[in-house]
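What follows is a pair of complexes built around subunit A, which joins subunit B in one and subunit C in the other.
And now, the complex of A and B:
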């Protein structure tokens, strides 16, 4: 039985809130009716909506308001106009952190995507199910570690007396001070991120690969397609939806690198890896300048929305 | 019927409000609940913190809630005050005091402190002058700050045959480190051995070396009212060059740039991976005490404190730690009661609570003397203030001190030693930026990426461009 509320022909082409000529049922009314009909489902949404309102939108609005106010921790905060934004934008450290964030974020994004895809394709080629699952788990495990643990592990590996230098020493090479070597600052941070996250994104690709209709492969085999052709013609096109999702997810993270920087920053590498969120944390939070911190954070958010929007457009995310 | 139900419902809703109103009208003297937000001060765990709170209540006659934040205090302080929570007393450091005072977040205590008999009788005016901002006082003391000095593991230098009393110049220290390195690498086979650790973040531990050229960390005002940073003065060049030489010759631990103070301390007493660092006077004793517990004192670890190097005017310059303070937020409900706690902490009795701890838990009094319990000894006679601010507090009442600490603390009282805080530029210094700029240029210089003279010029130019110096 078709619901009288669903697909009503006289409302089909109406824009939101518009009224049909001479009609009495608006889109709003229709939506309201639908909501009443499925009220049980809408009630289930309430906790989520409340959660988002309290923990996401309320702090966001408070932060936005604070970014236009003077830096005052207690009492009334006088309106400061755009002065906090002007201060942040005029700070050379902020500009340097934009550059660092973009370099680290974009390289991370590209490497996560490409390496995760390659890893997923390689894992998919392993015939032994036990081996496949084992490799998948091993690749995924670093994602479960906190950045503090990963920072510790990398310090042990790359310390002046660490594993890599021990190997270099074994081959008669001089020790390299990786952790404070300025030319290696960004590659190390990017490497840490790749090591931690590639397994996770590879898992997302693997799940999508498993979901591909097996009859496509059978048909391709019958047609005499090689494995490489099957990958090119079946697997990769089938992954386009997952690829779009991962690209948009990664683009949201371009400007928000913080934890890995926080655990690895030192006086020697700071200028090469200090990102926007570290800038916000140090300039705003540590110095108790909430207006300045909020202005910086708002700019990061605007940048993130811009990047994510561009990536959505480029990947035609909203198209089938 | 409907009306009756509505009437009953309204009555039921209003009943608690009416009862509360009736009850409160009977309260003639409401109890003042003083809310205190603390970082290091208080009990060592939740149970002891309750006892600390009770001891403080007993001493002041107030009803107190003491919230001790075990970690991440700065963020908690920011979140709680920013969210509008009201406290009567908050713990903060000197930089936070400047920031809060300039934002009007804490009350001006100048009149209260200057007219306080407790402060007049117990607190040195010199100490008060160190925390003034534009002549005003915005906080009272939690403790007396000590100073970092050179700590050397004499157990190692004795093996090498070095006489520590003859270390008078930068070259003497360089030669000592060189001899120790050679000994440890060739005789003890610990290669590579980096004998010196200096914590480069915040360029914090360098004062004993910059003393040799008579310069102090931070930013000061000159006679013309212009801000200047002594460490980037041309006169500082020999120290920058000396540090660079130490690194180039493998005498400075590369972990100085990446490690934390915890790493440095472990290397000093646990693994003896270094022979020298700069650390708090109290740590001379803690190194030895830790080694004692581990069974390595004094054969492998016997740390002694040294004042560093005399400057051109014949004095050793050491840096006093930034003050740890108590301030009253501008929205406090009970500022008078809060100030009475500040006063109590400045008395010898308050000092005893802040150091020795709680009577009956950390110590008992026998024949007028403190006898520490096992708990008290485990708590290291520190409940926020190992060295109380009261000039009348007798450290001897705390009994035996850790080996070496008495001698290290005594260095600060010598006539040829000047202990003073870093330059805060009357609260105008953006410490974070100063530290970042200085540690960046020093790291580049020490690691050989730029010449020392260029590094000094570069640091000065960057400090100037950010308005930190004029």
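And now, the complex of A and C:
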């Protein structure tokens, strides 16, 4: 189970008893009568099952099978044992993309979390609700953008004649070719991610802060607790559920960075930002070495499950 | 006492100043680049390539827009994207509400099995089955077709459970009394549930529309034919690739930024219409990513 199973409360009026019984096929007359009454729903569920079998379950199995087969475009693909896995693990490009994925993925995860939490706490201290909403909206808007749009925004402001170089020039610094500067490749990709996502995750925190029982603050005020104490003792602890959800959510995404890399990659920065999924995509879709690519994808899957499990344990996500 | 209460409500002055400065800094970092892009897109060609910061194009002109629209034949990818996004979203919402409604029946026999069947699809991020998805779509003849872009992702567990949650807030007594009056299950679904869960439909629909409009991964996996690309992929090509294609004219910054605005604007406009729904479904939407 990799995905966080939050936000999916059961239907309100079904007691825990009825839910547990739902899976047991007790062939009494009452069950039959119910099944007949719901006949239309069962029939309507069939296309959903078929769809998911063809477009979700089968591709997963298909990828797994291909990872054990030789790379062939047409005809039968002979069984190849673990040779694809051996090839992938020995490929320096794959190893480099593991390093890139981990650096970009982990730093992004930490920055999204910390900066969004800080932003939400600061926004919460603003008195005027119009001001609060405006700042929230401005920070949220980049999350609506495709990675290509973000790439366009960054290409403009980090251009040799762009905004950032104008500021550097103002301070007497020399202009920098940011997008070709290899040492800045990773920081730029990470910065793009933060710019796009921080407002979104801050909004998730803000929603949770608004949901805190106001009587807690009243009581704290009567006890003479300062605002700082209120933040430390009321707001932060109340956010623990949201924090866990966001951490688990982000941990699933650590190894799946693709779009921003696909948009920004060029011969100069490739060595520093090419991630695992870009490797899988280029190997399988562009170069048609689908067995090798599938083996890579399977390893990424295992890595993702591993990271998610560790984060679940660390945050004690499944407790409570 | 009153004085004390007031003080208990605010942070120390130093912290408030730091917080204020950081907030201004955030607004500048988020807002100025967006303004810059918008301003450059409305600048004249030569002015748009001049160094420095432009926040107000003088005189404002739409020549960047008309150039990029004609030069790269942008109407085609634009309306392609509109088509695949809207058709895909409508189908997605339809199936999400149908499945959500079915799984919401409290006394439906086998419901547990059916729920697990959908839950299981959420355990592996879609991107990780890229190669399998390509192979299956190839077998079905969906490579380089809009149908492929529409059909893939038509049902997602996240949307199904989101819809189920919205349906679960509708009192069951409504369905019961309609059933007594002899209404069919399909009619109860269409006439009562869909109508009362419109907030849910809008939330799921908007999240899906944003996802589809912006999608790059699936598009570059299924579509290798440039003529069938969607806006984000064409935009990437305009921004970073077209210079390597011989025989194309130089594209000024105003035209490039016009393409950026054209890709982003529809979703920003949509956002302001449905903002209140999105905030409500924000946390639920989180698990969609």
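As a convention for this text, the second predicted complex is superposed on the first by the 263 of 320 C-alpha atoms of A that agree within 3 Å, B and C clash if a C-alpha of one lies under 4 Å from a C-alpha of the other, contacts with A are read in each partner's own complex, and residues count from 1 in each chain.
The rule is simple: a residue touches a chain if its C-beta (ideal position, glycine included) is under 8 Å from a C-beta of that chain, and two chains touch if they have at least 3 such contacts.
For clarity, every value in this text was computed on a predicted model and none was experimentally measured.
A.B. asks: So in the superposed three-chain picture, is A:228 touching just subunit B, just subunit C, both, or none of them (first/second/both/neither)?
C.D. replies: Only subunit C is touched by A:228; subunit B is not.
A.B. asks: Report for A:245: first if it touches subunit B alone, second if subunit C alone, otherwise both or neither.
C.D. replies: second
A.B. asks: Under the stated touch criterion, which partner chain does A:78 make contact with: subunit B (first), subunit C (second), both, or neither?
C.D. replies: After superposing on A, A:78 lies clear of both subunit B and subunit C.
A.B. asks: Using the touch definition from the top, say if A:290 reaches subunit B (first), subunit C (second), both or neither.
C.D. replies: Both partners, subunit B and subunit C.
A.B. asks: For A:172, is the partner it touches subunit B (first), subunit C (second), both, or none of the two (neither)?
C.D. replies: neither
A.B. asks: Tell me which touches more residues of subunit A here: subunit C or subunit B.
C.D. replies: With both complexes superposed on chain A, more residues of subunit A are touched by C.
A.B. asks: For A:51, select first, second, both or neither according to whether it touches subunit B, subunit C, the two together, or no partner.
C.D. replies: Once the two structures are laid over each other on A, A:51 reaches subunit C alone.
A.B. asks: Answer with first, second, both or neither: which of subunit B and subunit C does A:151 touch in the superposed model?
C.D. replies: second
A.B. asks: Quick check on the superposed pair: does A:266 touch subunit B, subunit C, both, or neither? Answer first, second, both or neither.
C.D. replies: Touch partners of A:266: subunit B and subunit C.
A.B. asks: Which positions of subunit A sit in both the subunit B and the subunit C interface?
C.D. replies: 155, 159, 161, 266, 285, 290
A.B. asks: For the complex, which residues does subunit C have touching subunit A?
C.D. replies: Those in contact with subunit A are residues 4-5, 7-12, 15-16, 19, 22-23, 26-27, 29-34, 36-37, 40, 49-53, 95, 98-99, 101-102, 104-119, 121-125, 127-136, 140, 151-152, 154-155, 157, 161-162, 164-165, 167-169, 172, 184-186, 210, 213-217, 220-221, 231-233, 235-236, 239-240, 253, 256-257, 259-260, 263-264, 267-268, 271, 275, 279, 282-284, 286-287, 289.
A.B. asks: Hey, which residues of subunit A end up touching subunit B in the complex?
C.D. replies: For subunit A paired with subunit B, touching residues are 71-75, 92-93, 155, 159-161, 175, 177, 179-180, 182, 266-268, 270-271, 282-283, 285-290.
A.B. asks: Taking the complex as given, what residues does subunit A use to touch subunit C?
C.D. replies: Answer in residue numbers: 1-14, 18-20, 22-25, 31, 34-35, 37-38, 40-41, 44-45, 48-49, 51-52, 54-64, 66, 118-119, 122-123, 125-126, 135, 137-139, 141-142, 144-149, 151-157, 159, 161-163, 165-166, 195, 199, 203-204, 207-208, 220-221, 224-228, 230, 242, 245-246, 249, 252-253, 256, 258-259, 262-264, 266, 277, 280-281, 284-285, 290, 293-294, 297, 300-301, 304.
A.B. asks: For subunit B, which residues are in contact with subunit A within the complex?
C.D. replies: 74-75, 78, 81-82, 96, 99-100, 103-105, 192, 200-201, 254-255, 257-258, 329-331, 430, 432-433, 436, 439-440, 442-444, 447, 449, 465
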